[in-house]
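Both complexes shown next keep chain A, but they swap its partner, so chain B is in the first and chain C is in the second.
What follows is the complex of A and B.
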């Protein structure tokens, strides 16, 4: 068998830039975050940075405000993710149907618009759309005869508003990933199934679904990570208010680290969040991922 | 004739003459000559006072050759932006200091005391006249522990803005004198048909701490801390004030906890609310036909009194020289700060939409008549409380605690007692950690 030898230097030259970038942008800041999480690291008092060991982690884990923020974040995840997947599958199935190619192309293109809009702009749009006096939403429900709803100023309604906005922005992503999965289904297998039965649910469950699993797993991992670190949209829309009604874990970390300037505590919170994200990703892969 | 006394007298006269000519010879152009070409970086906010200063800057640049580079930020970002810059030894040469940041900035030695420059005859304008600043304002905005670091630049007092037409329709020919009158007499009569008597901006940021929470403490005899730096929020005065605010909410628009300055000003300007207590700087917005529907109906007076007297909200910013700047930049920065806050420029600043802290400008003929808020402002600056909000280094962390629980109280998630207890215990833990209770730090706020 012919063995091809590559000079060591060539290998390093090819992978070196990527590794250096990863170390600089990813590993370096992470290592610094771990360092600060083990110290008292108050930006407004850097003359005193004593080693605290795990004290910051203890403070975080015993602070019910942290768990409340985490609870809100998980509540958001549990509400929006299934809705995004269900609507995403519906849109993907509609786009997968043969015929109306121009309309299908236009729809596929328009699905990109919400995803392409910057998070911060989405939040500002939300402020305007849900304004109690001037917002579009209250105008529309007014046409139906309902009284204006206090969206941003009411704790429950503000949470509903951010759920709605997240679903609006990321359902198209789910639909496009699932549509890609549907295109992987062998045409002849799908045709044969449709000859056997007219029931769309049977075709989806037994023929199409196995090909959707890789896409679904990717959606679960990516959307979970995105939701756990969701910040910009909520910050610009409600700033975590009213009260703490929409203070997600990322907003709490930003508040502690960049408004209270306690980088040590904020780093500990961020490391705990990272650990949680990794655990959830591993669980998704273990329980959901199957090769076709 | 005795020669020695004559020679002595002549020497004295010559010395006096030399000082007099030296003083009258000082000019900005001459003082700035060594610093021509220097570029200075400063953070400005998106507010009328800064726009006024921006319009004045070209004149300064032309006279001195010193370039001012402005980095604009909303208020919410300005502290973190400056802290990051100072910690990282960045580019800022001038510090913009909210009065609640002065302890933080001074203790971290990020700013330079003004006497470094006022003792330098090459840099000190003989017309500087620090006594011309309102003492409360200079002390609260620019000084910490008896040392002056900054000169007052963007200066506010809380004032009561009201729609006299709405009041007249409801049968009132004057604004409320007291908070109790506002709630018990004006509230019911002005709250009807989708209109509200009052709006108190209470959004969960510094607005909650200063505009909402602190505003109902002091007039009712309360305060954040007692003389031992322990929480005073469970005192009778503080609890009375916080409960008063809860009662007053029935006369405010729904969702008041999400109202920031823009929403509150807009509510008055659009005729939805009759009375607000807001910063003096917003007078320009309320009297501008482009931004206000009630230009012909707007009136201003001092904030209502409480049982403990009139204790209006106090806020504002000073400009100080950043210690991270090099000597040349420091000198140039001082020249700019001294110029933009000078007695000579106060009227220009006022006319362009700023609010100077110079007593002399408000005594000029016609000023009080032209600017309707002047009398109320001057009155407020006589009666204000310098520690309206504590100005020590721990305020950034303390305000986060107040903001969180202050809004929870308003949302009725906790009672005033529970909220006060929660704030108290967290703040005391913070202050203990900082060394206030074991003598490591003086009890200064």
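What follows is the complex of A and C.
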């Protein structure tokens, strides 16, 4: 496609304001974070901020608290993601079938609600519904004959509660992404396949699955990035507790930076997290924007 | 049960989606209906519980076991809106979300136009920056922002949040609008160039009106993300500019949590988001995956 040649000044006039503002608000603070990460930078003692070089980074990388938080974050991802994908595929297949269009449209619209719910509110809802005494969840499992469970107060159960709400909020996302993949299968191909076999698994595996790969890749990378970002929901539900049972990586950095008052150390942690994120987004670009 | 039947020429062709898995035909649609209803209930129940709890008195909200039937009251809403400053925090959220969205559109649409129409160096780098923004955790920037804003003495002001939210709004606006501008035929631009129109005039008079749907969608996304944001609001506001999510979190102190008030505030926060998200529901997947999944 032939693009119209414009003088450099015109280009600059169009794109300049956006780039300059992004540089000021995005890159500027980042540079400052790199600076603080290389110094002893503590809000309680700002008079002396000696240069430390990479000492903060060394501290972080050899700090078991950091790796534990990272491990918890990955544990959450490993537990939650397969469930979200499997249920997601199930819902997508169910919605992809023809007939009962009113009910299916209603289902698709109700899938929007978890995704749209403010993350902080999800955490508040978690507090209210999972409360040991007043929570509706314990009442419901009581009907099934189970004893009340101390969800938020027990380390293991608090982690399960977080898994539950993450699944609640993001399974709809997975199912809508995968549904988009299913609708990409050419109708003739799918029809031909269904004439060959009545086995839904064969159709899924050999006909539909190739069309699901881009969606699955997107889910894998985006969900990893989102779990590394996850803060609001956990903070409002458990504050990382009890103990540090639900302290994910962003909560840990927040604690060190805003409650532990070692800003240099927290900056180093944040920069390491950023490096991970950049690797992830590189992967995403490699997969999806080859032509740009 | 053998499902792998090969259709022989004499047999009637089954419809494409006929029997899959279950063999008895009357049983299958019923199971499907039940499954669909189960999904709907699962998605909506927390929302339902939030709204009903917000309509309970503190006594009913703290009933053990929880009560399902009760006399609804709007006392919690009156309390939070007029006595607990939630009204003010909703106004703050609105100011911040609307201003940052407007600013993102003003800065972003020309940039998106340039990305779709002009050739220039560093285009790839710019793109990479947008994608990274989608993934980067706010905690990475929250700390340096806090230290800088504190130094400037600008903690607890709307303008700081408005500018900071551009870090995620501008990329989403530019990304969605670039896509939209690309879909507008080039002929229009070319005809206008031949008529001697200046680039900005072409952008303003011809392309911008045609890109209205994409601009609306990007505005909705930008509004939702800003409205929902918690971490920057928590760190950078105290009282005057406190947004609604930060306010709601503030209620979670002490032992006897005011459930009704918390859920009333939550409902007030969530309802506009859900309305906007339902309006933009067709574009949700595209927006959240930066166009990787159409």
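To be clear about the criterion, the second predicted complex is superposed on the first by the 268 of 292 C-alpha atoms of A that agree within 3 Å, B and C clash if a C-alpha of one lies under 4 Å from a C-alpha of the other, contacts with A are read in each partner's own complex, and residues count from 1 in each chain.
We adopt the following convention: contacts are C-beta pairs under 8 Å (C-beta built on N, C-alpha and C of every residue); 3 or more make two chains touch, one makes a residue touch a chain.
Please read all numbers here as calculations on a predicted model, not as lab measurements.
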Touched partner set for A:114, first chain B, second chain C, both or neither: second
Larger contact residue set on chain A - chain B or chain C: C
Touched partner set for A:181, first chain B, second chain C, both or neither: second
Chain B versus chain C as contact partner of A:264, first or second or both or neither: neither
Chain B versus chain C as contact partner of A:36, first or second or both or neither: second
A:88 touches, of chain B and chain C: first, second, both or neither? neither
Touched partner set for A:242, first chain B, second chain C, both or neither: first
Which superposed partner A:22 touches (first chain B, second chain C, both, neither): second
Contact residues common to both interfaces of chain A (with chain B and with chain C): 43, 133, 258
For the chain A and chain B complex, residues of the former touching the latter: 43-46, 65, 132-133, 150, 152-155, 158, 238-245, 255-256, 258-262
Chain C - residues contacting chain A, complex: 3-7, 13-14, 16-21, 29, 32-33, 35-37, 39-40, 42-44, 46-47, 49-50, 53, 61-66, 107-108, 110-111, 113-115, 117-120, 123-124, 126-129, 131-148, 163-164, 166-167, 170-171, 174, 186, 189-190, 193, 199-200, 203, 224, 227-228, 230-231, 235, 245, 248-249, 252, 257, 259, 262-263, 266, 269-270, 273-274, 276-278, 281, 284-285, 288-294
Complex contacts: residues of chain A adjacent to chain C: 1, 3-6, 8, 10-11, 13-15, 17-19, 21-22, 25-26, 28-30, 32-33, 36, 43, 91, 94, 97-100, 103-104, 106-122, 124-125, 127-129, 133-136, 138-139, 142, 168, 172-173, 176-177, 180-181, 190-191, 194-200, 202, 214-215, 218, 222, 225, 228-229, 231-232, 235-236, 249-250, 253-254, 257-258, 263, 266-267, 270-271, 273-274, 277-278, 280-282, 284-285, 287-289, 292
Chain B - residues contacting chain A, complex: 79-80, 83-84, 87, 104, 108, 203-205, 254-259, 272, 393, 396-397, 400, 404, 407-408, 410-411, 413
